[in-house]
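Before anything else, here is the set of structures, which you'll find just below.
Note that chain A is present in both complexes that follow, paired respectively with chain B and with chain C.
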Partner chain A sequence: MVIYGVYIVSKSGGLIFNYECNVPKIETEKTFGYPLDLKLNYENKKIVVEFGQRDGVMVGHVLTAVNGIPATGRQLDDGRDVFDIINERENYPLSLKFARLRMTTNEKIFLASMFYPLFAIASQLSPEPRCSGIEVLEADTFKLQCFQTLTGVKFMVVAEPTQAGLDILLRRIYELYSDFALKNPFYSLEMPIRCELFDSNLQNLLEHVEKTGISNV
Partner chain B sequence: MSITISAVRPRTSILDKSLSRGRGEVSLSCYALLFSELVQYCQNRVYTVPELQNKLAEMGQEVGVKFIDLLFVRERSYKREIKILNILLFVKSTLWKALFGKEADKLEHANDDERTYYIIEKDPIVNKFISVPKDKGSLNCAVFTAGIIEAVLNGCGFPAKVTAHWHKGTTYMVKFEDSVIARDKQLEDR
Partner chain C sequence: MTVHNIYIFDRYGTLLYYYEWNRLKQSGITREEEAKLMYGMLFSIKSFVNKISPLDTKDGFLCYKTSKYSLHFFETPSSIKFVLTTDVGAQNVRQFLQQIYSQIYVEYAVKNPVWQNNKPIKSELFKSKLDAFVKQSPIFVSKAN
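So, the complex of A and B:
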């Protein structure tokens, strides 16, 4: 009964609303010996694992601490550069902590606008004629369900893989959108949704679903 | 056998029919979308928030003026109200029922000022779907309803000013003119 996030993508493909909750925090701390078998890369002001995933440290995880000292970007809190430490043999064995950081809003916008063309491609590639597009995307750790309205707005919800009844939830979110966003005179179409009533009602709905299950909605 | 079908119906215009009650139900969504358009219409024609409030209140007044005769004929069987308390109770119950289908929550008299009365409503229907953004300050779209109340009071012979405030939900502050209070006192003394 766990919902990880709700995303709304407008007709033109931009992310207009995102709400995340219950995101599991993924962190691993491991001790490594020289030479380091992970390939690390410095990009976007973060040190990211590029290759060599093992024992829970996956590609895309960010280095957050060395020997217990937290790191920001390339620098440790005590001023030393991380790559210098990693390249010196005498510093080993080294304890490194990796974590999957939460996405920034920019990254979310970027990923959501990537979903939109995938959706369009899928509806054309389908062997069945008159296909509607991606409805459900299932992975090991999550399930993403998408509902496209008649006007082209896409509502997406990411939940745990065994969650059922997400389409009812999506229709309720659609109702909330048509009530508190579309009837608000201060909301313009295709713009990010900044309506307090919409946010609070959505949170109430998600809490209600988590406590009592989808069939009561 | 000949069948004649008359294609001419007796023409009755709407003025020949009696004042019917009509169906008292309007779809909430329909109303909310119309009101949202009204607010956007006003917003496109003003530059500041107080001007927007004035414009909404004016529109409310045009609605209120038309309500007076209709309500007194239908609900009060043609009898005028002459006391302040009665007209306020009329506003709180009959007018509200005709507009929104329910009565206003509370009617209070101010402790310090005898010209001021408060009508309090926790959840006005006009504001049900509206989230005011921070840059609009203390705009309350219930000034539309305040305009309706003001027009009704002015039209019934109780000149007053009505404003809407964010207090205990929404509070409409009704400020009567001195002449009205003086006249009411005379009525009581008699």
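So, the complex of A and C:
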């Protein structure tokens, strides 16, 4: 029973709530010899592995430390430039630490609004009449279940690929949303949900699901 | 159980092959535009999946389901994309797509001496073999029967 995250998207496609839990930390530290057999690229203020994945260092991972000194962007904490160090032969062997970064809030907002057109196109390309949008999206590492209410709000849960019964969980979250967000006099529609009761009840629900399974909610 | 249609795309997004079996609703746009829309959607889903995934992905996107159909996706190492839409209950479609690739696409499209890379497949033999292969599979049970 692992649930990675819960997202709520308003009917206009904006992310109004997200909750993330149990996202494992993926980090690899490895010692490299000269020349470095990875192609690194500096993009979006991060040094990203572009080619040459091996031994747990995957394409898309971000360089976080060199010889144990943390790096922010392309600069080490002691002020040196990462690429200067990597290109110098005398600095080797070099111990580099790579990690798969967690999504930032901006990325989450971006992804949530990206789901909206996918949902709509999936129903347009349907070979059968009167088809809904995407309900379940499966990948090798996770499963995303989406539930759209009559008013157009989308609830999404990201969980383990083998997890069953997510639709029941989504309906429970919808109940919590109507009880603790919509009935809150200070909550206005389409705006981000900042309600303490909603947060705590959702957290309880997810903890409960993790301990005893979805069938008991 | 039924199979609706198949799309085969090459790595540049060209529609190599399209065929439909039980399609009740057309999308209302030309086939070319539909193929572009489909490819665009798959491209975005792939990047969406890679970003939202909590762990490192290997195969990435596998399939999605809606209330009426499910879409299965299989990509070869050379980026040939096989897309098959079936009804929601179909099982083991990924394995089936793999077989279409190795037993039909490679045998009757790639090994055809007049085959050209990145050009739509026009071979009649490929068409009939694919049709027969899909029709004999357990996923395909025509609604007419």
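Criterion: the second predicted complex is superposed on the first by the 217 of 217 C-alpha atoms of A that agree within 3 Å, B and C clash if a C-alpha of one lies under 4 Å from a C-alpha of the other, contacts with A are read in each partner's own complex, and residues count from 1 in each chain.
To be clear about the criterion, a contact is a pair of C-beta atoms (placed from the backbone, for glycine too) under 8 Å apart; a residue touches a chain by one contact, two chains touch by 3 or more.
Source: prediction; values computed, not measured.
When both complexes are superposed on chain A, chain B and chain C fit side by side without a clash. Judged by the touch definition given at the top, the superposed model places A:Asp78 against neither chain B nor chain C. Once the two complexes are laid over each other on the shared chain, residue contacts for A:Glu90 go to neither chain B nor chain C.
By the touch criterion stated above, A:Cys195 is placed in contact with chain B alone, chain C being left untouched. More residues of chain A are touched by C (comparison of chain B with chain C). By the touch criterion defined above, A:Ser123 lies against chain C but remains apart from chain B after alignment on the C-alpha atoms of chain A. Vertex at the C-alpha centre of chain A, arms toward the centres of chain B and chain C: the angle is 120 degrees, rounded to a multiple of 10. In the superposition on chain A, contact of A:Phe186 is made with chain B only, not with chain C. Residue contacts after overlaying the shared chain place A:Asp55 against neither chain B nor chain C. With chain A used as the common frame, chain B approaches chain C to a shortest CA-CA distance of 30 Å. Residues of chain A that lie in the contact sets of both chain B and chain C are absent, per the superposition on chain A. Residues 4-5, 20, 22-25, 27, 34, 37-38, 40-41, 44-45, 48-69, 71, 85 of chain C are the ones that touch chain A when the two sit in their complex.
The touching residues of chain A, when paired with chain C in their complex, are 4-5, 22-24, 26, 58, 60, 100, 103, 107, 111, 114-115, 117-118, 121-142, 144, 158. Per the touch definition, chain B reaches chain A in the complex via residues 29, 32-33, 35-40, 43, 129-133, 136, 141. If you check the complex, the residues on chain A that touch chain B are 179-180, 182-186, 194-198.
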